[in-house]
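Please read the structure below before turning to the comments.
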């Protein structure tokens, strides 16, 4: 069976680093690899060549693969070149347009989107979102620290005592927790907020303070993801966050609600009242941003406040991100093929939920 | 009154008793709990000191007083088991604490 | 030769020293030997020492000693480790029986010249010895599984009544020594019965306390016999055992959160039911048990989970690690990839506590090490050590790789309750035979364990 | 008396932040401040205005000042506008050209260069080099962490265990020590090397490993600064550093020898053998660089190794750097004027050694 | 009334309990009172209890007791805290003197019926009491500065010889009781002289040990007198004091790294010189002194310096902080701007040990807090607390702001030696009256202090 | 021989002595060093128990035997100082340990 590796067009990721390719090779797969697939994340063609992979053009790869690995994008043209019965694995934001789905159907191909995995213990070794969120959370803090024009830790020096920086983390999911941990490491004073009050214990377990707003709605059935909140609650929460934000030197926001616009947590007014020199990293910028002013993929400075909008900070850690992503995909592949190519366990929760849905299905569903 | 006289006559004795009780308490008071079992076992062996009573009993029995002799005999046997077995088993127990 | 008696002093001192050394871990074994030497010396003196009315009867004595030693050694050698408490109880009963034999014999030698005090002492020896005897036998039977617990509402009232009865009988007898010649035998019988009825209702968990108490009673019986024979070694040895035994009993009660009274008069039925509500097959353990096990282990593996984070027990773990490492014990940390609530959660915490990277083993390394591990200390981990991931195809986590702690020799789980972890599923590990549960906040548990281990040698 | 504040032309620093200006104002000094002097470091004209300073053009400032504060550069034109008897305080790299000195002499002005301060305990509150080196050391590590495409701490995740990054610090002066401390905080494995073996204890006091090379020369009379070493020693040292560097993920070099070219510690060959994705921050780049390939003020990538040459990393922390710099200058001023303007203690060690020398004098001296 | 004697037992138990409680910090004060009650009871009994040959003489007795109580209370009230050890020694001497009075009196009552043992006991009481008496007086004199140390090479040989002489005299006397009627007086004189010559050569630092020893001797003398009068309370009280006194002496010797023998026979001149090499005016202190001081402080300020970094003592500091904070003591950290070897060096370390930022005070805050600080614990800092920066215009660091620890009540400096800090200048703080030096690695010192404080109540 | 007989006659006594010495050791062995001084002072007060000897001495003296009486008197005075002063000063010392 041939595994094809496509170059990611939108990110610096690669879905199969040479180490993982070698494992698959040893498991008797043929590997075909698009030229320069790993270039952006530090894995050169040579490395792939060394472990026995064939380097080929994109077209060749698609034409020859039974299983195809990629990142978050796949073109319609690519889909139409596929062999019948191809398995396509990537992270497609959970959905594809109708044209794409049609193309898949036409080729009897199946697409799996790993960002749809259930957040269960058993699925965690394939959980791309976890891996990348963790990297991004770490990087968000490091980037903020680099942009911030001062020490994060307290420093008592002969030219005066510099107080520790105050870091505010909004949304304490995987990324938020990692940012908290990193900020604590660097000696900052850290506060965090999340709508899910169960996170309180997790935040405290990292030594940070949890900001509590009374009356959040929780829905255990949502599988760990956050859901929308009442207006009253949002008002109260806004006031609280506003006051904390004004004191903060660094704010990192990670609040996402899957397939919805991200909630606005930092408004214009708040930014206006923040100290010049403060840094905001908005990790939800791709879905609209938690900060009203943030722009995805850009850094803007307003009243001396730097606002960095970046939902894909892991791109800055492409090397390790690709390694983790590849491992996740490898684990998923192992699960998928555990009973052979013919017996993909479509019935299992893990597989069924990763099947790519149509955009409409997603909207109806949530 | 008789009791008081008895006490007064044995005042040394009573003092001895009290001090020894104190000492017993003092010795044990700070023992770490891991030693509870071996200590119990060891002091159990010591309580077999009652054997001496049985020995004296036998020595003071007429060689023909078989009732006394045999009850003394059984007493000694039982007490010896207590003493010897007790110390031996304590030793085995404490051996476990040795680093392999 | 007539000064031989003086050597009793030496033997007393040896017994004293022995007991003293027995109460400290580093000297305990030597203490036992010293006490044994003291005992041997005392026996030797008691045989050779000139006394009045001496008829020798050396053969009887030596024969009995040889026979007793043989039996004692044999039992001590053969017994399985787990049966030791029962054996100790049995031995103790024999000591009590010896006191009974002596006392009943002396009682029948009484004439009019005997003082009240002397008579009282002898009867007390009879009573206490008798109780120690049958009580110990019952205790042995229970531990050996040969005797079942028997208890109902009235047993404690019966005991109280019987105790009063025995004492009244004794008082009656010493004030009217020669009224009924069979009364001493009645007293004996009553004592023996009291021993039975006293221990029978006491439940399994309280057995160690009872044995300690019975042990103290034998000591007291020996002391009383010592008074009867005016023998210092018997007196002092007996008192020492008696007083130390009683305080030991009290300490053990305290450790179990019971009052001595509660144990003695049979608990009036209260304590038994509290154990009922618990899940079956779970074996609880205590700080001291865990401590002694860790102290004498060679390889310890600490397995942190989300509970360590919640309890903020990472520094306590490191300190425990330090204590153990100082004693030459190897300590490592097995970190499961998904332990905690974010990737690297355990790493963050362990780094905060300054655990060197070299001690942090990932899942593969750890799983290779477990077969050499004496104790796995599971600190608030649950899902990541759930063996149903390996062997229960119906489990939602079936197929997830876990830390295979069952390969190790002993497992101790620190958590607060029987509640489940993140994934909400039961963990059969907790009811495994190798596993002992230590309930409570992980940080507090570890700190207590550390404290205890520090006191050892 | 009037204190004039000049805008720094080469750096983002400002020699008197508003907080310090306020103190001086309360001590009955007049403050004249060049427009936008603090703009680059986040202190606006408004702030100066608020605390009672006069905002003026550069020329006005120079014409009216009795004491003039600046950064590391001063133009000949500026000098020639000075009032007689002006005290000029800054950090001029210790020396000035003959034209400048002449100009000073002509105006009976005196220039003090704070980077010439003795490294004694008493002078430490004025020690600009310490303040800035400390900031730079911190920033060097943060920047390196930001550039490095992976975690610094060890991470055991469901997608594999990432080992901790290895950080090598060359030169454990003030900057090096701060870099060590920051790297340790972030969970990296840290090694450090310095020619002064007395630093060993200091390095270990921060929990890092010290790489020892036998046979270093030390000269206590050099006042804490490093001196040149023998050829044999350098050879041995090179081999050792080379082997450690090849294993490192991040290298930070801080080895300076005052007024000499910086020693080359990382050669081309070493860089060629380093892992792609590694990061080198060369903080000695201004004086030639500790890395053969580094270029001052630039980041270059060679074989995937990022080499950042930056001797003025504190520029990235202009806000706090200016605060510290101002405090240092304020402390120096207090010392200078403790007995009144007329009685500057020229005899004291601190003052005499900060007097600006000619370039030749410096070369002769060292 | 004739059973009054039995109450001696109660009094014995009270004395025992009292001593027991005196040996644990939380009960010590109550213990002292209980012992006092026991003592009062004993005195009462001894006055009322029927004895043979009773002539009453109650007035004499009560008069003496009133007088004695008055003097005793007066002294106890008036004495300055620092003079207490001297006073204790003086009191102790009085106890010895009492034994002497009794013994010399009994000795002259001897007739032919006395057994050797009894005579020996009485003479021993005389000797021991005499030594305790004059020895204590000398000790008191030394502590009060009224008697100077006197020592030369032969003093120890003289002592040895004199001791042997005394014992020979006593032996001679008890075997030839009525040969020379003045001999008892000679023995008395010899004993008194031995007391003098024995204590005189012992140096200042050893005084506490000697006082403990003399105290034990008084106890022994009391016990011997108890044998003479066949009085249980005297015997037991005396023995208790004697045995506990001797072990206390040994413990104190160990704490000072001296052997008891070395102290007793006057050290043969060895130990004195070792103190000579040291700088003058430095006051050294001990772990236990520092501990007790910290335990009973309200505000403690920890002042870390480069030495803390070298010793890696930051975590030990935090643990000490925890211990103290748990006992309600306020602990803060004063960080000097240039402490350590890089800006923020202390911050890095304290953060590593998880010291909350709110406890870290910078120089200005700290300097404002020192006047309320009971103890400054200087952990390996030197230059940053050097007061010559404030008051010695000739000092190279004159004018540098420092942590003004001298404003606080007590200062304890932890360092390894008298060597200087980074700037290489002497620190007059170390010889200040408020300052005590605790030499040794800072981490070890702090850990020991922490351990000690944990044992307190 | 005489010594042996003396010992044998007082065997109870000797045992008492030994046990008490043990007890004394045991009580002190674990005392924290901060208590050394107060403990010394307190036990010093207890050693004043010798006062009972002096009281008995006085009680047994002929009312005319002024030598005995006055030596007893002085003995009592001195011992009382020891006892009363000792306890009082110990109390003062221990008061210091109280939290202000």
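Order as written gives the chain letters A, B, C, D, E and F; numbering starts at 1 within each chain.
Just so it is clear, a residue touches a chain if its C-beta (ideal position, glycine included) is under 8 Å from a C-beta of that chain, and two chains touch if they have at least 3 such contacts.
Because the structure is predicted, anything quoted here is derived from the model rather than measured.
Q: Indicate the lowest number of steps between subunit A and subunit E, counting one step per move to a touching chain.
A: Minimum number of steps from subunit A to subunit E: 1.
Q: Compute the shortest path length in steps from subunit E to subunit F over the network of touching chains.
A: Each step joins two touching chains, and the minimum needed here is 1.
Q: Among the chains, which is located farthest from subunit A on the basis of C-alpha centroids?
A: Of all the other chains, the one whose centre lies farthest from subunit A is F.
Q: Consider the two chain pairs A-C and B-C; indicate the one with the greater count of contacting C-beta pairs.
A: Higher C-beta contact count between the two pairs: B-C.
Q: Same or different interface residues for subunit A and subunit D, judged by whether over half of the residue numbers are used by both?
A: Copies use mostly the same positions to touch.
Q: When the centre of a chain is set as the mean of its C-alpha atoms, what distance in Å lies between subunit C and subunit F?
A: Those two chain centres are 41 Å apart.
Q: How big is the gap, in whole Å, between where the Cα atoms of subunit A centre and where those of subunit F centre?
A: Distance between chain centres: 82 Å.
Q: Which subunit F residues sit where two or more other chains touch them?
A: 12-13, 15-16, 19-20, 22-23, 26-27, 30
Q: Send over the residues of subunit C in touch with two or more other chains.
A: Where subunit C meets two or more other chains at a single residue, that happens at 16, 20, 236, 337-338, 343-344, 348, 351-352.
Q: Touching two or more other chains, which residues of subunit A qualify?
A: Residues 124-125, 130-131, 134, 151, 153, 155, 157-160, 185, 187 of subunit A each touch two or more of the other chains.
Q: Residue numbers of subunit C touching subunit D in their complex, please.
A: Of all residues in subunit C, those touching subunit D are 335-339, 343-344, 346-348, 351, 357, 360, 362.
Q: In the complex, go through subunit A and note every residue touching subunit C.
A: It is residues 120-122, 124-125, 130-131, 134, 137, 174, 177-178, 181, 184-185, 201-202, 204-207, 335 of subunit A that touch subunit C.
Q: Subunit B touches which residues of subunit C in the complex?
A: 15-16, 18-20, 22-25, 28-29, 31-33, 35-36, 39, 42-43, 46-47, 51, 53-57, 60-61, 63-65, 67-69, 71-73, 75-77, 79, 81, 84-85, 87-88, 91-92, 94-95, 97-99, 101-102, 104-106, 115-117, 129, 208, 211-212, 215, 218-219, 221-222, 225-229, 231, 233-248, 251-252, 255, 286-288, 291-292, 295-296, 298, 328, 452, 455-456
Q: Please give the residue numbers of subunit B that touch subunit E in the complex, ascending.
A: 4, 7-8, 11-12, 14-15, 18-19, 22, 26
Q: What residues on subunit C touch subunit F, complex-wise?
A: Within the complex, subunit C contacts subunit F at residues 2-3, 5-6, 8-9, 12-13, 16, 20, 232, 236.
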